[in-house]
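Each of the next two complexes has chain A plus one other chain: chain B in the first, chain C in the second.
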Partner chain A sequence: MNDYKSEFLQEAREYVELMNQSFLKLESGEKSAIDEIFRAMHTIKGMAGFMGYKNLEKLCHKLESFLGDLRGKEVSGEIVDLLLLSSDRISEILNKIESEDSDEVDCQEIYDRIGSFEDHEANENHRVDEENKVNANLKIEVRLCEDCAMKGVRGLLILEALREVCDLKATEPEESKIEEGCDYFVIFANGEPKKVDEVLSGVAEIEKYTISETINKKEKAREEKKDEKSKERSSPALQIQKKNESVRVDVKVLDSIMNLIGELVIIKGRLVQISGKYEIQELSEAVNIMEKSITSLQDEVMKVRMVKVERVFNKFPRMVRDLARKFGKKIEFVMEGLDTELDRTVLDDMSDPIMHLLRNAVDHGIETPEERKTKGKRETGLIKLSARREKNNVVIEVEDDGRGIDLEKIRRKAIEKGLISEGSQISEEDLKALIFLPGFSTKDQATEISGRGVGMDVVKTTVEKLGGSLRVISEKEKGTKIRINLPPTVAIIKSLLVGVGKQVYAIPISNVVEAVYVDRKNLKSIHGNPFLIVRDKLIPAFKLSEIFGSENGKEREVGIIVERESEKYALIVDSIVDQQEIVVKPLTGLLSKIRGFSGVTILGDGTVVPILDISSLLGGDKFG
Partner chain B sequence: MQAMKGETVQVIVFKLGEERYGVDISQVREIIRPSQITKIPNAPDFVEGVINLRGQITTIVNLRKRFGLPSKEIDNDSRIIVVEYNNAVIGMMVDTVNEVKYLSHKDIEALPSIITAREEAKFLKGVGKLPDGLLILIDLNKVLNEGEVERFK
Partner chain C sequence: MVKVLVVDDTAFMRKLLKNILFSAGFDIAGEAENGKQAIDLYRELKPDIVTMDIVMPEMNGIDALKEIKKLDPNAKVVMCTAVGQEQMVKMAIKLGAKGYIVKPFQAPKVVEELRKVARI
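Coming up: the complex of A and B.
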């Protein structure tokens, strides 16, 4: 059974995700969504039944019949709330199944709320019973002995005993009748016939019992209906199969393939070097062909690693909706470019930062409906999350039409915190950069989820760690747009190899703006701090040989101009060695928390080269 | 040593200065000669750097520095004991590797807490008594643990 468990969990989670999306569709008036939800719920129920998770099965069953009643009716926000709560509860149960192999989660709240919604039509229970009967896979007939003293009690005992091993769906006659005492009754249940047999064979005073397995009539009925209505009613599983012919691959396998390709790329570099040295024509031809194959192999694997942003974005509508309700705001949430592709690791790492930006937009950006009205804006605020490919980068934007960033407020806050002095001239860009400092928040009262000043700095560091950059575009009362530029992949990067002292270091090309020669004329010291003058602009310079404590004897040095948060810095190195594609290998263990390096790489000749991480290397923020 | 299998441990004996140390052979992957070591600036001072061990990046810890002993130039006798620890591969640079010894469990004595409580002795697990003298057994957990490193600072 355990073999199936992980598959069950994965599939069930996919259906929960599917339902979550459909709930929102339902709320926006798409009535057909209810059928999708119904199907998903039914599938989860079926799987739960098969796996023997009774509690989950029961919950799904209740919800399924609740959904059945909703068909063709108006669906209120409260109902969607309840449905979302239910899907959360299902996720909770799934988590518990994963960690403890138990589905014991209290769902009474949901049952109560469903109960309060349901019309208690007279025949309601009966209808459910009927449905239950056809849902059961076992039909158990029991005849008690003629001389059984207390038939009612015996009957109840039998029912109780059966409850332990299977899921009782319905009885004939009703349970209350059995309680009063009857000789013969039929039980419809879901369970394993063997276990039922074990239980019943141990009960005294039964004259005869039969256990027959019934074909799930409901399923059968469905099948027939499906044929009539053709494709429309096919089960979700089938639809998924039709949509994309794909194989499920464990991400770990993908990672290890990626690692192996990384090794290949390194060895390729080495062979290219060797063949260049010996100048044997046949060898270099063979190496050339191999190089091409490895490059295309690398491209292919890169493609495999790419996933659509949809995968992560899909959870946001739900989140924005919940937040909007919580803060009493009216928000229309739009997502664009869902099929833009991004490396799996990059996308996963970006999930939390985007979530944070959206929270900010809901909480700080969009005003309350009343406020918007007085400002002459549409009552419903707009938040747009978009992704698109732009040249070699992927751009993700979070945009709102809210109140915008109040630069004056930031200035006051910054003065209050002693980050800038009163009356100091500071550019708008610099003021905006302040919001990315840890602990900086203009919100006077911290709310539960945002305004604590944590977050924006995390967003910034995450983006920069991934080799991307971030920009804030904001206009007061018009809105705010946060633009994130990301490289689509991180595992293999283009880099500049530079020499410092005896050692070689790699700088990601994405950071590099240009390189200039350094001489006495353009390297100046101002108040003890070195600056490089490039086209009459002063750029703060950092001598890597000093930072790394290696000796430098070079007369003619090179300044590598790098960009960090739209600020330019010059790294002074001894020489530029090469420009190369390198495979990033993370530093582990004792070196995992090291500042200034994002990892190392192995060059063609086997030497190990550290890769500079510009943002942590230069350390402290301008105002920090 | 004619003690029964299961009651003995095999230890790799190495030297730092005049002192003999031992590490359980089951934790050791291989012993290599120092190759080109790439220094990583900003690393803890006892981390010598990283090497390329057949394509795997391996962090090299200088045990002398880790134990607070005076450092020594790498020479012909220097060796790196490569161990697997917490799924990471780490090399420990030692002065020289001498031999493999069998130690019976009854010949291993835990160090009294008065010794292990001392800062410089916290990496020690026990003392092995051999016919030709004593052998200090080191505790890889403590030598290579990141948490320990941070407390150390």
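Coming up: the complex of A and C.
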């Protein structure tokens, strides 16, 4: 049974994820979502039963029948809350199954709440009503146009018009609700379908109506059973078909394949050197062919590593919804470009920063409905998360139509913290840059949400670590847009190889702005600190030979201008060796904490080359 | 052609409705500026559809609707209404009005409503 456990957990979790998405669809009025949830719940129940997790099976069963009753009805926010709570509880059970192989989690609260809903329901829909529905021979479903004016009046008009041709038995929701206005309602009546059709075709602003003749209850029950049986019979075949199309692979396996390809690239380099050295024609031909294969292999694996941003983005609607409810804000959350692809390590690393940006947007950006109303804005705020490909980069944007960044507030806070002096002239760009400083928050009191440790500084550091960049575009009272530019992958990067003493170092191209020759004229020392003068600007300079303590015998040096947090720095090196794509091998174990290096790469001739990590290299004052 | 009787106390609204309906191919049989005139004209012109404003001097649209329904139980009356008059329209519908259009008028909506009611 244990063989199946990991598969069971993985699949069950996927279904839980699917449900979470469907809940939100349901809340926004997509009635079909209930069928998706129903199916997911049914599948989990089936799997749990097979695995012998009785408690989970029971929970799913209760929820399944509760969902069955919900079909075709209005779903309130409370019901969605209950469903979300249930899916959380299912996740909890799955976690417990994974760690302790036990599904003993207390679900009484959910049962109680389902119970109270059902009681409520029972009181509302009198038994007479139910019987009426059974006696009616017609079920008329009506959906009004979205832009229908005075939906209540339209509903009444339809009811009145129908009354002329048939005998209304019951409605869902009740008539008074229809007269208050609802988009969708069902009428049970006795009459001729043809006449009903005639009446409804003469009413404007109906998007869609269906008239179905109902069968009596016993027959109905029999049909349903038949349906279920045929479904069960057909599902295994369907699953097998799906399994043939894709195979699940552990991320670790992918990473090690990538590593092995890295090794292959290195060995290939050596073979090229050897064939060149000994001028063996046959060998160099073989190596050429091998090179092609390795390149396409590398491309293929890179493709496999790419995943759709959907994978991470899908959890955000739920989060935004929960936050919005908590803060009493009305928010419409829109996601775009879900099929944009990004390297899975990049995407995983970006998950927390995006979450933080969304939290910021909900907490700081979007105003309360009342505030928005007084400002003349739509009560419901808009938050948009989008991803798209732009040239060689992937752009992720988090945008809101809230109050925007209050530059005046930032200025005051900065003065308070002693970052700038009162009355000093500071540009808007520079003010905005201040929010990325660690510990800088304009919110007077850290809320539970914004005070979780992941600040804007962490967002920026993560983005820069991944070789990307970040921009804030904000207009007061109009909203804020944060644009993140990311390279699609980090496993293989373009880099500049530079020589310092006898050692070669790699600098990621994404950090490099330009390179200039250095001589006595443009390298100055001010108060003992070296500065490089580039086009009349002073740029703080760092001699890598001094930092790494290697010999410096060169007359003519090269200054590599790099950018860190919008500031320019110059790294003084002996020479530029080459520019090439390198395979990044992260530092592990004891080496992982070394500052100044993000990893190493191995060149074709087997040389190990450290990759400089600009932000930590220049961040502190102690090296080595 | 479908003959329409336009009832509204403001000349501007009548003109607006006439323009919308005329360009959609309806025939404007006549126009009235209060409920009393509307009843007289209904008797005289026998229009296929009446567009009936609710708030008017002399006799309001609801009373005119009642009278017209007495004259002709199959009369097709479409109420002209504005936001906030839901209760009035609901009453009119219970009294036999066949439809309603909402001010400010949106031409496509008005045309759709009248076409549906006229069944063309």
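Everything below uses one rule, namely that the second predicted complex is superposed on the first by the 478 of 624 C-alpha atoms of A that agree within 3 Å, B and C clash if a C-alpha of one lies under 4 Å from a C-alpha of the other, contacts with A are read in each partner's own complex, and residues count from 1 in each chain.
What we mean here is this: a contact is a pair of C-beta atoms (placed from the backbone, for glycine too) under 8 Å apart; a residue touches a chain by one contact, two chains touch by 3 or more.
Because the structure is predicted, anything quoted here is derived from the model rather than measured.
For A:Met150, is the partner it touches chain B (first), chain C (second), both, or none of the two (neither)?
After superposition on chain A, A:Met150 lies in contact with chain C alone.
So, does A:Gly202 touch the first partner chain B, the second partner chain C, both, or neither?
Second partner only, chain C.
State whether A:Leu466 touches chain B only (first), chain C only (second), both chains, or neither.
Once the two structures are laid over each other on A, A:Leu466 reaches no partner at all.
Given the touch rule stated above, what does A:Val608 touch, chain B (first), chain C (second), both, or neither?
A:Val608: touches chain B, not chain C.
By residue count, is chain A touched more by chain B or by chain C?
Comparing touch counts on chain A for chain B and chain C gives B.
After superposition on the shared chain, which partner residues are touched by A:Glu160: those of chain B (first), chain C (second), both, or neither?
It touches chain C, and chain B stays clear.
For chain A, what residues appear in both contact lists, the one with chain B and the one with chain C?
none
Which residues of chain A touch chain C in their complex?
Listed in rising order, the residues are 149-150, 152-153, 156-157, 160-161, 179, 201-205.
Inside the complex, what are the residues of chain B that reach chain A?
36, 38-44, 47, 50-52, 55, 57, 59, 61, 85-86, 88, 90, 144, 146, 149
Quick check: in the complex, which residue numbers of chain A touch chain B?
Where chain A meets chain B, its residues are 263, 266, 503, 547-549, 585, 587-597, 600, 602, 606-610.
Touching chain A in the complex: which residues of chain C?
Chain C residues touching chain A: 81, 83, 86, 89-90, 93-94, 98-100, 102, 109, 112-113, 115-117, 119.
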